[in-house]
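I am attaching a structure below and will ask some questions about it afterwards.
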Amino acid sequence: MTLTQIVFWTFSALAVLGAAMCITRRSPVASALWLVQTLFALAALFVVLDAQFVAVLQVLVYAGAIMVLFLFVIMLLNLGRPGPSDLKGPVGLAVATLLGGLLFFQLLRGATPSAAGTPAGDTMAQLQQEQGIVGAVARPLFSQYLIPFEITSVLLLAAIVGAVVLAKRKL
Amino acid sequence: MPGALQLLWLVPALPLAGFVANGLLALRRPPAPPAPPARRAVSIIGVGVLLAALALSVAIVLAFQRAGAAGPLVFPYWEWLPVGDLHVTVALELDQLSAVMLLVVTGVSSLIHLFSVGYMGEDPGYARYFAYLNLFVFFMLVLVLGASFPVMFVGWEGVGLCSYLLIGFWFNERINADAGKKAFLVNRIGDVGFLVAMLLIFAHMGSLDFQPVFAQAPKLLAPGGAAITAITLFLFLGCTGKSAQIPLYTWLPDAMQGPTPVSALIHAATMVTAGVYLVARCNVLYALAPVASAVVAGIGALTAFFAATIALKQWDIKRVLAYSTVSQLGYMFLGVGSGAYAAGIFHLVTHAFFKALLFLGSGSVIHALHRAYHATHSHEDAQDMRNMGGLARHLPWTSKLMWVATLALAGIPPFAGFFSKDAILSAAFSLGDVHPLWYVYWLLGLLAALLTAFYMTRLMLYTFHGPNRTGERESAHLHEGPWVMTGPLVVLGALSVAGGALNVPALFRGHAWLEHWLEPVTAVATRLRPAIEVPLGTEWTLVIAAVAVAALGIFAALRLLRPEELVPARLAPAERGFARLLWKKWYVDEIYDFLLVRPLVWLSREVLWKTIDLGLIDGAGVNGAARLSQVLGWVGSRLQTGQLGFYVVLFVGGVLAVLWTAVR
Amino acid sequence: MLLGPSLGVSAVLFALGVAGVLLRRNAIVIFMCVELMLNAANLAFVALAQSLGVAGQIFVFFVMAVAAAEAAVGLAIILAIYRHKQTVDLQNINLLKG
Amino acid sequence: MILDLSSSRDLLLALLPELVLTGWSLVLLLVVAWRHRTVGDLRLTGWVTLAALGSTAAAVWWLWWHTARAAPGPVPVMVAVDDFRFVTDWLFLGAAALTVLLSFDYLEREELLVPEYHVLIVFATLGMMLMGGGEDLMVIFLGLELLSVAVYVLAGINRESASGAEAAFKYFLLGAFASGFLLYGIALVYGATGTTGLRAIGAQIGAGGGGGGGTMLAIGLALLLIGFGFKIAAVPFHTWAPDVYDGSPTPVTAYMASGVKAAAFAALFRVLGEAFPAVAAWHQIVWWLAVATMVVGNLIALAQRTVKRMLAYSSVAHAGYLLVAVAAGPEPGSAAFLFYLVAYTLMTLGAFALLAAKGRHGERDVLIDDLAGLATRHPWLAFALAVCMLSLLGFPGTAGFIGKWYILAAATSAGQGVLATVLVLTSVISAGYYLPVIMAMYMKPEPFAEAHVGMRLGRLGYAVVMVSVAGLLFFGVRPNRLLDLAHTGGVGVQPAPGVPPAAPAVTAAHARTAR
Amino acid sequence: MYARWVLTALLAWPAVAAAAILIAPPRWAKHLGFAASLIEFAISVPLWWTFVPSGGMQFVCDAPWIQVPLFETGAPWSIRYSVGVDGISLFMVLLTTLLVPLSVLGSYSYITTRERAYYALLLVLTSGMIGVFVALDLFLFYVMWEVMLIPMYFIIGVWGGENRLYAAIKFFIYTMFGSLLMLVAILVLVYLVGQRTGVFSFDYFHLMRNLGGLGPLAFWLFAAFFLAFAIKVPMFPFHTWLPDAHVEAPTAGSVILAGILLKMGTYGFLRFAMPFFPAVALAPPVATGVVVLSLVGILYGGLVAMVQPDFKKLIAYSSVAHLGFVMLGIWALTLQSVQGALLVMINHGISTGALFFLVGMIYERRHSRLIAAYGGIARVVPLFAAILTFVSLSSIGLPGTNGFVGEFLVLVGAFRTHPVAAGIAATGVIVAAAYLLWALQRVIFNPLDKPENEKLLDLTPRELAVLLPLVACIVWIGVYPKPILDRMEPAARQFIESVRPPGPTATALAP
């Protein structure tokens, strides 16, 4: 087993563990923190998978911004204190396990690499060698994918407006 | 062609015009007691058109005779149902047979119209009555003159309609309305037979006109085959309805609810004989169908006997006559069934005379009683013989004339009935050689003659002789009706006496005029089915037997019955035993009611309507589907719990289903 | 190449996210589980991008933006519902039904 | 006009409508920033919004008039330049405009002095346009998110209303959940084909000999369908729709039922038509979704007593009818879909406009029986509502009938006889809830004298209703122009990777000369 | 000129007049309605003379309507405004234009609320009905078929009796259920024919020429048409909407329902279902089934009618029986039976229409349709009683009235191909007599034992004006139906030939 593989499996395990804990912890705060672990682990996996830039973003945007927002709201709503669990009862658990399990097997059938498409051109590693880690992503982002990129900006603007409309104390 | 013949259409048209005129008068408001001028107008129109029609008929028949046409004369007027190969033309036909019927119908009708002027004079529905009566004559004339089955069927059903209307003339009495409806319905059952027979005829012979059908029948249809037998039997089903034969006779006694002149005209003299006329008209067909003929004769004989038994124990004077009519119609069928078409028609004619006379006589009696009760404000039954007795003193003319009719009916020579009845019985007997069954028919006929003599004598005894049971005060008001009523009686009496002269057989050195007159009509049938000659001695024996039987009946009645022991109807004890069985008419009405009417109504209401229609189709099917949709919708809306958690479960379930479908 | 294992892990994470949504009643935690699902998708994108080209990585970039936008609006909505109900428990949010 | 999308001028031209609308959204934001206190401010933003929508429509018209088409080239096309996009754009803009018109009085009456409302409408419309025009799964996904984010907020725009908040909440949570599936589906499709461009995917699948991608593609496609199925409220992913429609302010509901659904369908058609014509798997899925949606939607609607919820379920049912058009194949289906959507938008908006006039505070409590006797009090309103109901029912003489008929024709010509039969049978069920509305208005007496006193429709509301009814009746009798338009629009999503790019232009030009 | 525009005028005029009524003052409504319908009648009358009884469509007017650009073929689906009449539809049109003015006149005192809407709807209904009978384009036919549903729905639902809402929605959904399936069948038909010929047209004659060889699909298509028409006829067991609709509808509604709407079903069989799918229609199981259902209709309808306590319901069920004769006649497929069926259609419209008028008139006086509420009223309303009796007799097929002519022809014709069935059907006339005479007895005969009936008023001149034309028709058709028979014969012949092309099997048709 190569080092890459060791790292991959380690962080995979951490990610799955975090996810599992996230969905089973009674306290929302605990769930959030376990989710953060998963996000970090994913960032590590991204690095392993030749996506260093995305990994950085993952840490910055997800773990840094989004999850903080979550925690902030949890605190704001005063949900951090121990209270009755929001987990569903045994029936809920059974349903969740069953459906989740079935879904997993279905997805697994689809997520087989043998079915994956043939590489279109260069692999990521080659691109990064040619254009650098950031450049490999940035160049297409601002040429080929300019339109989606701009849409993203409008999307964020809309989200801001929406959040303000909903959350502002007085309009 | 002589001019009078061209006016044949006018014969039915005159009564029709009378109907229209009187009908419009009848619809004027207010209907209650018509003013004398109006009544006079109605009488003039109603009777006038009939007298004109009679005169015209006589002229036409004379012209016909003078013309000496061998075949029938057909007068087409307009195409009625020209569809493809079906050509029904509105056409009238005059031949020897219809000429006889024409005269009988217009003649008897005229007399009875005249009688009605007196009898119905004070009825608020006077105009309506004459309208109906005129309409009846119109339809009856169409029936006898029609040149094809459909045209005849118009008259056939039309007379049924008029019978319905006239039976229920006093419609505000439930029993009258019931009787009318019953008459129509039972007639309709028979009419379906007629209808189906028409369908068969058209299917087999491609035409519905009399002439082609009768001309083609011997060629197209195998004698005694299934087709001809079916046709004739279905036709006869029609006859049993119209002419009140077993099993459809039950309406006729009930029909006595109508005004008495109506009973005389429709339910004795004309309409009910339509069946006989039909069989005689279709003599070719019946001659081809021996089995059917035997059935006709058998039913006739049986009816003759059966109805006579019932007549023995009836108290209502008109009901006695009604059953007597049924019985005599049976005779006629026995005659035509035996192949003696002329004899059947002969009896039809004589019967029209004496039975009309009997009915009108009874009408005269009822009229008298009715007036008497009316004068004293009593509410007794004016038709129950137990309320009569000794009326000969008050109604001498009526009494005498009715005796004449009774003797004619009983078959006492030389009255009309003797000749016609004798001809029928000997025709039936003569066929005994072919099959012994005919002897049975003959015997039944003979027994019926015995019973006829008995019940008629009983009727006369109870009505006109012995003590009067009408009541002390009422008897003072009993007297003969006006001349318009007695006049027709006299005429009919004369005809009852002399009617036999129409067809005095060779046995009595007569010329059998009617038989010869009808020969052109019956020629083919006679050829197909030659009459069997009976030895002279046998013939005489038969005559003597018949007369003896009739005399025996009269004698027995005179000896056995005790008019002086009767008590008025309201005091009379209930009948018991066999008498009750007869009085209740063998319970046939009740049996029909129990076996047919009630089950059918029950089936329709409870099963077909409430269970199948409302319950199954509408309830379970239509509304059930609607309700099922609503219930499903309600269940579905219960699934919309508002709980997001549940929605997610549904969602994921859907996801799994979709994925499973995608990669099966 | 770790494509197969990566896709497997992403499937696990996605299923876990869905299971979490199924299992929880707290709106915020459910939303976190949704984020988990998005991340699972991201993992798949990245893993696929390794051999298929840069589009996958760019997609991840956009998904992050979407997640941020959704988080902003979503949390505002959760605040709004909390203002009305004083709870974010799904069980108690069933005014609309039927 | 052939646009070379690799040159930025042409790219800007191709994106002209979107750019115009975005620009107006910024203007609007500025206006809102300065003027957001009074009713007058609200009206101002409303008119500005209408101007924005109108000028965008004009921009679309400009492109359409010049038969703008994208030149074939190496550059992956992100936004399609074809008639399908233009027609759907008009549809979205029209729905938005009618919604805005409807909102003037409504917002004032409900005292919702939130001018951002209009901004959000504009953003949502922009998202729709991107969905209808997106040639790349990325664009479609982002458009969908833009639309969703705006509409989540619109649903809960009434902050005083608990039901509004709950509607937004449910919509958001389930919407985000569904987005996850959609995204994962995109990932798998990307994995299977190596691209996210629709035409490229189609080409890739075609090149792969049909079976290309196999399971991964199938699962990915299935997940895509689930994501879209959620947006169009296909059973069993419909559960949000009744609740959200019920809880949202009525104009927003109208907008959701018409515009949002239209956008999702447009994207679905484009995806299926351009990317997956060669994949058989979706036929069966769509078939079942259509049947389930028609049956469940109609049946549950039958059990509703309030008008709003009834209309919500009826909207689910209509999604089922549109799914029949999808099942008929993108080729005949998209034309039928375009026509039907026009009719459906008109009748839905008309019905909701009248509901908004009748109710108060979210209109959630207006029972069908509350309309009793409306015909005697307000004959014209009753007539309008009756026309809308008959059109929803698909009754001849209304555009709803022509639309339904077109779908049926598409389905039968695609050999989907059973589906057509299910459609008509469920339509019969739908008579069971549309007719009671008419019945209440015309055949029941007013429950009490003042039953309809408060009912008032502003001038602009009247305009909406009049436009709707007039459109429904006109297109019910003379649908010719609209049918042509729908047809040329439908040509846009035909699966023809091998067809030279000039071909559609010729068809469109031909169609235009025919006019 | 007349020939080209008359049908269009007949279609458009009522709609225009309806619009005029809606904006005119309410108190003019009924007079305007009557005038408009009389003008409609006047427009239609010359059809009688100008019609050439030689078969084929006449007064044809044809114009393009909708072109649907479809689909992969590129050939558009063409929908045309195409109208015309032949010997079958001519009389349906004339019957419509005759009954409508009478219905309007008969509603004068019955309708007291929302008169404008009522008369406008009645006129719109007229347009729809005419449209159904003259349409030669299946799309147009379908549109008209459904269009007349709405006015009828309103007429029942707004001006009907107590249970009107239920009856109205039942009527609507029942009809729609069948007709929508028919729509699908029409589309499939057009598509299949279009695929074969390259012309996607709803044109009747185009479809007629190019049908055939549909294989097993033909059965399902026929079934869809059959269901739509059988519901409308109505055939047992699809008849249960009828009693409710008839009973709850106002008088004019009942008259038009019975007089014209039911004929649309049988007309559909004659025009579409049978000529399109002769092989299916004449396949032994189908033909036997239809004949059996017709017989069931005749007997069952009659027996159920017999026990109805409600006069209108009785007439409604009697319609089931009468239409059974029509179906039998159509399926028997001989010249006599088909012409008989056509005549029964006309006769039923006249006689049953008159019966409904009469019941409506007495209902206006006493506000009860229950037979038990009456009795003996012939004494107080002799004119009413006379006409009721006369019309009843025509309804039970008394010779000399129109009823007999039709039924007799049906039986004669049917007997050649289905002798047993014809024999059984003949017994239907007994049942008919039973239910009508029994009802008649309980209404106008029997003792006058209800004091509230003693003051009933007899028919007014207006009511007489409504009834007398019908009475005249009853006599006329009963006595001299030749002009009608002549005009319909070529069309009937053509119908038979289109279903069963002349050949060795058609010997029964020989003139």
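Letters A, B, C, D and E name the chains as they come in the text, with residue numbers starting at 1 for each one.
The definition used in the following text is that a residue touches a chain if its C-beta (ideal position, glycine included) is under 8 Å from a C-beta of that chain, and two chains touch if they have at least 3 such contacts.
Small disclaimer: the values here were computed from a predicted structure and weren't measured.
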Required steps from chain C to chain E (each step between touching chains, minimum): 2
Between chain A and chain B, the fewest steps along chains that touch one another: 1
Geometric centre: closest chain by C-alpha means: E
Contact pairs, highest-scoring chain pair: A-C
Farthest chain (mean CA position) relative to chain B: A
Separation of chain A from chain E, taking each centre as the mean of its C-alpha atoms, in whole Å: 70
Averaged-CA centre spacing for the pair chain D and chain B, given as whole angstrom: 79
Chain D and chain E: spacing of chain centres that average the CA atoms, whole Å: 43
Cα-centroid distance, chain B relative to chain C, in whole angstrom: 96
Residues within chain A bordering two or more other chains: 88, 92, 95, 99, 103, 106-107, 109-112, 116-117, 119-120, 145, 148, 152, 155, 158-159, 162-163, 166
In chain D, residues with contacts to at least two other chains: 138, 142, 145, 149, 152-153, 156, 159, 168, 170, 173, 177, 181, 184, 188, 191, 194-195, 215, 218-219, 242-243, 304, 432
Two or more partner chains touched - positions in chain E: 173
Each pair of chains that touches, named by its two labels: A-B, A-C, A-D, B-C, B-D, B-E, C-D, D-E
Chain D-touching residues of chain C, taken from the complex the two chains share: 7, 10, 14, 17-18, 21, 27, 30-31, 34, 37-38, 40-41, 44-45, 48, 52-53, 55-56, 58-59, 62-63, 66, 69-70, 73-74, 76-78, 80-81, 83-85, 93, 95-98
Residues of chain A touching chain C in the complex: 4-5, 8-9, 12, 15-16, 19-20, 22-24, 28, 31-32, 35, 38-39, 42, 45-46, 48-51, 53-54, 57-58, 61-62, 65-66, 69-70, 73-74, 76-77, 79, 86-88, 92-93, 95-97, 99-101, 103-104, 107-108, 111-113, 116-117, 119-125, 127, 136-137, 140-141, 145, 148-149, 152, 155-156, 158-160, 162-163, 166-167
Chain A-touching residues of chain D, taken from the complex the two chains share: 15, 22, 25, 29, 36, 75-76, 78-79, 113-114, 116-117, 119-120, 123, 126-127, 130, 136, 138-139, 142-143, 145-146, 149-150, 152-153, 156-157, 159, 168, 184, 188, 191-195, 204, 212-220
Chain B-touching residues of chain C, taken from the complex the two chains share: 18, 21-22, 25, 90-91, 93-98
Chain E partner contacts - residues on chain B that touch it in the complex: 23, 26-27, 29, 31, 78-86, 90, 150, 153-154, 156-158, 161, 164, 168, 171-174, 176-178, 180-181, 184-185, 188-189, 191-192, 195-196, 198-200, 202-203, 600-601, 603-605, 608-609, 612-613, 617-618, 621-622, 626
